[in-house]
Amino acid sequence: MQQDIMSQGVDLMLFGMGTVFVFLTVLVIATTIMSSFVQRFLPEAPAPEPTAAPAAAAPTGVTDPKLLAIIKAAVDQHRAKHK
Amino acid sequence: MQQDIMSQGVDLMLFGMGTVFVFLTVLVIATTIMSSFVQRFLPEAPAPEPTAAPAAAAPTGVTDPKLLAIIKAAVDQHRAKHK
Amino acid sequence: MQQDIMSQGVDLMLFGMGTVFVFLTVLVIATTIMSSFVQRFLPEAPAPEPTAAPAAAAPTGVTDPKLLAIIKAAVDQHRAKHK
Amino acid sequence: MESLIGLWNDSGLAQFTGPGQISMILIGLGLLYLAINKNFEPLLLVPIGFGGILANIPGAGLAYSAVENALLSGGPEVLSAMAKALNLAAYETYADIKAALPNASAEQLFAANQVAANAGYDSGMLYKFYSVAIGSTIAPLVIFMGVGAMTDFGPLLANPKTMFLGAAAQFGIFATVLGAVGLSAMGIMDFTIADAAAIGIIGGADGPTAIYVSSLLAPELLGAIAVAAYSYMALVPMIQPPIMKALTTEEERKITMTQLRPVSKREKIAFPVIVLIAVALFLPSAAPLLGMFCFGNLMKECGVVDRLSDTAQNALINVTTIFLGLSVGSKLAADKFLDPKTLGILALGIVAFGIGTAMGVVMAKIMNKFSEQKINPLIGSAGVSAVPMAARVSNKVGLEANPQNFLLMHAMGPNVAGVIGSAVAAGVMISMVQSMGG
Amino acid sequence: MESLIGLWNDSGLAQFTGPGQISMILIGLGLLYLAINKNFEPLLLVPIGFGGILANIPGAGLAYSAVENALLSGGPEVLSAMAKALNLAAYETYADIKAALPNASAEQLFAANQVAANAGYDSGMLYKFYSVAIGSTIAPLVIFMGVGAMTDFGPLLANPKTMFLGAAAQFGIFATVLGAVGLSAMGIMDFTIADAAAIGIIGGADGPTAIYVSSLLAPELLGAIAVAAYSYMALVPMIQPPIMKALTTEEERKITMTQLRPVSKREKIAFPVIVLIAVALFLPSAAPLLGMFCFGNLMKECGVVDRLSDTAQNALINVTTIFLGLSVGSKLAADKFLDPKTLGILALGIVAFGIGTAMGVVMAKIMNKFSEQKINPLIGSAGVSAVPMAARVSNKVGLEANPQNFLLMHAMGPNVAGVIGSAVAAGVMISMVQSMGG
Amino acid sequence: MESLIGLWNDSGLAQFTGPGQISMILIGLGLLYLAINKNFEPLLLVPIGFGGILANIPGAGLAYSAVENALLSGGPEVLSAMAKALNLAAYETYADIKAALPNASAEQLFAANQVAANAGYDSGMLYKFYSVAIGSTIAPLVIFMGVGAMTDFGPLLANPKTMFLGAAAQFGIFATVLGAVGLSAMGIMDFTIADAAAIGIIGGADGPTAIYVSSLLAPELLGAIAVAAYSYMALVPMIQPPIMKALTTEEERKITMTQLRPVSKREKIAFPVIVLIAVALFLPSAAPLLGMFCFGNLMKECGVVDRLSDTAQNALINVTTIFLGLSVGSKLAADKFLDPKTLGILALGIVAFGIGTAMGVVMAKIMNKFSEQKINPLIGSAGVSAVPMAARVSNKVGLEANPQNFLLMHAMGPNVAGVIGSAVAAGVMISMVQSMGG
């Protein structure tokens, strides 16, 4: 039984680690092929945000850029009229 | 059995379509009566929005009109002070 | 049985009311001790809002102060440049 | 052609079984009217009223279990199989079998359900909602968690001794229990001790607590109890002021209270933990109610799980309220609601509110006898809970006597103490009644 | 070493049972493509397509019950115990036992489940989702409540007689029922009357209604019916215009309609209550669907429970949609979907849409014969439901004929009437088919 | 008077069964302290800590099933009926019967539940939460869907070979399995192979995966495993830096990485579909976890179901987190948690984190030997998952060596690859252990 559980553990490690590597290798290959296919045959304007953290941030400040743009436009327009 | 399922289908069509028409006729009558009753005895300021689609739109741009109004007011006030 | 249910009711009242008072008395004492302990040994800047109703208000107008501040800043900056 | 006859037999008009269901539909419409036009606790009474109407649609069986639906619509062979499943030697109509259901053992109920399933009968929609939401006791507890996440204990912490007002007002509960067993002892009504306890909890003026207790002790009275509890909570601005004025002098009503001290965040975080520990030490039977309440409050105050607190206060409590309300409505089925007991419940419920209000005020006057720092007895009435309505009533009556005297915040202390107080009372009653074999 | 073999045996490649699962995975990918790139009802078809792929992962058993998983993977002793639980005297393969499951009594199913539990088998994830969401009938009803809370009956109340258009368009449902039983009678297909009714409901052009009806009458066809219903709803802009143009003259398409009168809040509150009362009096079998729909609409219009209405329109309907979609996907398992019946369903479904569209237009022309106030027959096609797509199609075709003629609001009336109409049809069919012993 | 005695007997003080429950309440308070004051994964540890306290309230039985509650409180006739239901010929105390429960067949458990129901006992609140949320395996899967909807695979797609770092870090899982069976083989602990696998998964540094695996393989260890997993995830900023620095030279830590290329929307949509297909072909046992994860990610990226994606990331994941946390807390009942095994789990868990970290770093160094484009080995440690904490740690340690070198985005690749890697490991272990008869 002691031998048994040890060998079960070794089995688990060998086959488990093997599967993880094989599976992720498959993914690396498939992803690389997919990416070159998409980049060659289905090009599109690249996503503007190359970086984003996978965290659920509260939507604070989301309106700021838009807001600032609108205000800037309003003020610019106003300034133009004054000139 | 073949006769049977056909006659069941015909039954379903006759009684089904009949019920749909009877039920919606009842609704037309009841609604018309209710509407004249409400318009006569329980008048109220009519709802301001006579048109709205039953769709669940994402609340995009909701703040824009308010926003623009506020900015317009701010800029107007600012211009008034400059004159 | 009639006697029985009456005495059950009286039991319920006596023990029930007793428990309510004992429990809340314990809470009064524990809370008082906790509060003086916190005030003496763990002082902190007092919460700015000493009053708030336990109601769930819809978050209306939340952006207004921020919005107004931004607009004010924009207009001020604009005015400064004009001088 | 028999389908045509079947369709007519299926239609509502052919199936109205006496005036009961029509009356209940009218009562449901009345509840909707009160909720929508008079603003009577609409968040609960709109779903309850609507659910009540749905429950009484003749022939739809929305509020019945699969077994009840099989008994109502089933042919003689279904009835006979059902009687066999329940070990009934003799029966005459389906009503005899139905009467045997409440006393059936778990094995018999299981067999009866299998008979219904084999005959193709299913439970009604509202019955399913009830089983999941209330039968499991989950929905009232989740609502209580949300209420905890909306409650600010600051005013109570600033003046802890107002907790005694919240304790005193619970006398309304127990006086009503006594009233209910009195009516039973006099032979006027036929309430068991469990019924009496469930009726008394109306005096707690707290909806989820009332639903929780009656779902455990007297599920067949749940509809009437919930309707009474929410209706009287809406009527607090009419019920309380005369009692408050009758028990206080003009001078007492004019008493000004000093502004409450600010309470620190740490005290607010510590409070729900203290309540939890006190529950663990002294009152395990109140652990589900007060545990969920304190958990909600801790989520709100601790400041590190705002996502969860927001959800508990919004999406989760709203979803639960919809299904809780419809489920309560399922208990407004005519054969369950139209009973002399309902009148007794309505009468006892308002007595409970009145006595609770009175005892809160009296307790404040007693405390003033022993304390330097006077409290305005008008805040005593807020001890019944009915958050935040009762506190607003204290404030309003106080302003009538002294236009400079704002009692709202002072009344919030006993107000939230009353929530804890009635949860404690609920725990004691559940524990004692179950040990009485009720 | 046997674990290594076990791992290989577990892997998908070793378990693909013929080309069925691969085909279904390709179909699932196709649905995802249509939903994402062609915007085919993505809210439903993304979860359905994804669920369909998950359901066909060989060896994962996500769409199977514990009993089915035990039959698929179990050794001979499990099979023998299962056969005994189902009172099967003789069996050869697991397929024989599986074939006996649909006819098993409640007792036998219970015993079979205990055999599976004792052998350590559990139901797959999608099977659990299906049981809770659709098997209970709760999810389509909750979605219908949310749709009610999003629906504005104003245009219908401003011109109630457009309800007749919504009624006429339901002929698509019943003509399809007739077509389905005709195919059966001719021996081309093998549909029961229950199957025929469930297929017909595709013509209702209303997703939750179609899922509700087929879950009750023909659960094994649910996958194909739901896919057909949502796909054809997305195709409405292609299916309807040729039919509309063929049945109308240029002159008719140019008919201008006067602007709708404003409708008061009180009328909007009264309408769902009136529908509910009409259901109670005449059509208890439609009570679950129309009850929940009216409840949602009343929450929206009454104005005092906006918290609940918002939740019904957002968090609750979104959560339900996710699980409803995955659950429908579980019915795309190859052995259930790859069947000649599916082709019949797809063919009949498009006929249903076409006939419904035609009858709506024809009804409008008939009404114009008898009425002073002419209506543009193009709004008749909106009576099939497919809210709000069909109303937009009416508007678009109308603008082609007369660039000043905005029909959108006029078409919303029959559009929402069509939702009520197909819920009525659903109620009638469920009631009649069940009394036919279907 | 016996009610008074009953009330005292009911009170917590009379029922504390030794110091176990007090210790567990203190541990629960400790978890709350760490969560609130030290910001240790508060979204999970606040509910877990609070649930742990609730589970240990003496006499409340919140974490026990109806059968366990009947055994704890029941009189001799309940015990005797229960023993009969479980086919126990002889027993001395309730503990003997309780010990027989885990080995009971489905039929015996059903009979025991009927005995408990007939005697009026019900399952505790937390036990119900656990059954619905974790016993069904639904809650961890729903959380995983939400995590998928929050995950951006852009950095991984820009540099796919960093997936190997996520693979290497999973060695922490399997080394720990070996450690656990080693302790068993040496007779120090008494872990089965299923226990060992569940403990190993702590090294996956992913909460929902750990809960999912232990609920299937070792439910009685779930409390300790979840507490260890979340605590060590919070401790990542303390555990990882020394290991990272020990295994790298100053030069290596200064390696600058070129900015990642922008990744198109189409690639991001295709990625979850590719993972899904790979799962279907090679790893059906990981289908539930990776299926839900990819479904969430596809909803996020496809851009046509934003309503659903928002709900999956907010309302749905928050509601699920609340009940998941309380359910995990139910496994902190003293008689289940206070066991030498818990110490073993805590010790093995930190070893798992350490080995995973080390292997990630070493793998990066190996890859640098074979590749032109050097990677900074500090991003290898992010392969353990603990998203996004581990990636931030990589960034921070990198900045210490070279203030111009921002590694955050580069570390996000292995970070999210680690999530996939541990889900794969989970699938393999569940499949292998179940075929080993564990």
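All chains are identified by letter, namely A, B, C, D, E and F, in their written order; residue positions are counted from 1 within each chain.
Convention: contacts are C-beta pairs under 8 Å (C-beta built on N, C-alpha and C of every residue); 3 or more make two chains touch, one makes a residue touch a chain.
All values reported here derive from a predicted model rather than from experimental measurement.
Chemist: Is it true that over half of the residue numbers where subunit D touches subunit E are used by both copies, so same, or is it different?
Modeler: different
Chemist: Can you tell me which chain lies farthest from subunit E, using the average of the Cα atoms as each chain's centre?
Modeler: Comparing chain centres, C lies farthest from subunit E.
Chemist: Suppose chain centres are the mean of their C-alpha atoms. Which chain sits farthest from subunit D?
Modeler: Chain centre farthest from subunit D's centre: A.
Chemist: Any idea how many Å lie between the Cα centroids of subunit B and subunit D?
Modeler: 35
Chemist: If you average the CA atoms of subunit A and of subunit C, how many Å lie between those two points?
Modeler: Whole-Å distance between the two chain centres: 41.
Chemist: List the centre-to-centre spacing of subunit B and subunit F in whole Å, with centres computed as mean CA coordinates.
Modeler: Chain centroid spacing, subunit B to subunit F, equals 48 Å.
Chemist: Taking each chain's centre as the mean position of its Cα atoms, how many Å separate subunit A from subunit F?
Modeler: Comparing mean C-alpha positions, subunit F is 23 Å from subunit A.
Chemist: Which residues belonging to subunit C are in contact with no fewer than two other chains?
Modeler: 8, 11-12, 15, 19, 56, 63, 67, 71, 75, 78, 82
Chemist: Please list all residues of subunit E that touch 2 or more other chains.
Modeler: 3, 7, 282-283, 307, 314-315, 428, 432, 436
Chemist: Hey, which residues of subunit D end up touching subunit F in the complex?
Modeler: Subunit D residues touching subunit F: 105-107, 110, 136-138, 141, 269, 273, 276-277, 279-285, 287-288, 291-292, 294-295, 298-299, 302-305, 307-308, 310-312, 315-316, 428, 431-432, 434-436.
Chemist: Help me check something: in the complex, which residues belonging to subunit D touch subunit C?
Modeler: 147, 150-152, 154-158, 160-161, 163-164, 166-167, 170-171, 173-175, 177-178, 180-182, 184-185, 187, 192-193, 196-197, 260-268, 270-271, 274-275, 278, 282-283, 313-314, 387-388, 408-409, 412, 416-417, 420-421, 424-425, 428-429, 432-433, 436, 438
Chemist: Mind listing the subunit C positions that touch subunit D in their complex?
Modeler: Touch list, subunit C to subunit D: 2-3, 5-6, 8-13, 15-17, 19-28, 30-32, 34-35, 38-39, 42-47, 50-56.
Chemist: Any idea which subunit E residues touch subunit F in the complex?
Modeler: For this pair, the touching residues of subunit E are 3, 6-7, 10-13, 15, 25, 29, 32, 35-36, 39, 42-43, 46-47, 50, 53-54, 56-60, 62, 113-114, 117-118, 120, 125, 128, 314-315, 318-319, 321-322, 326.
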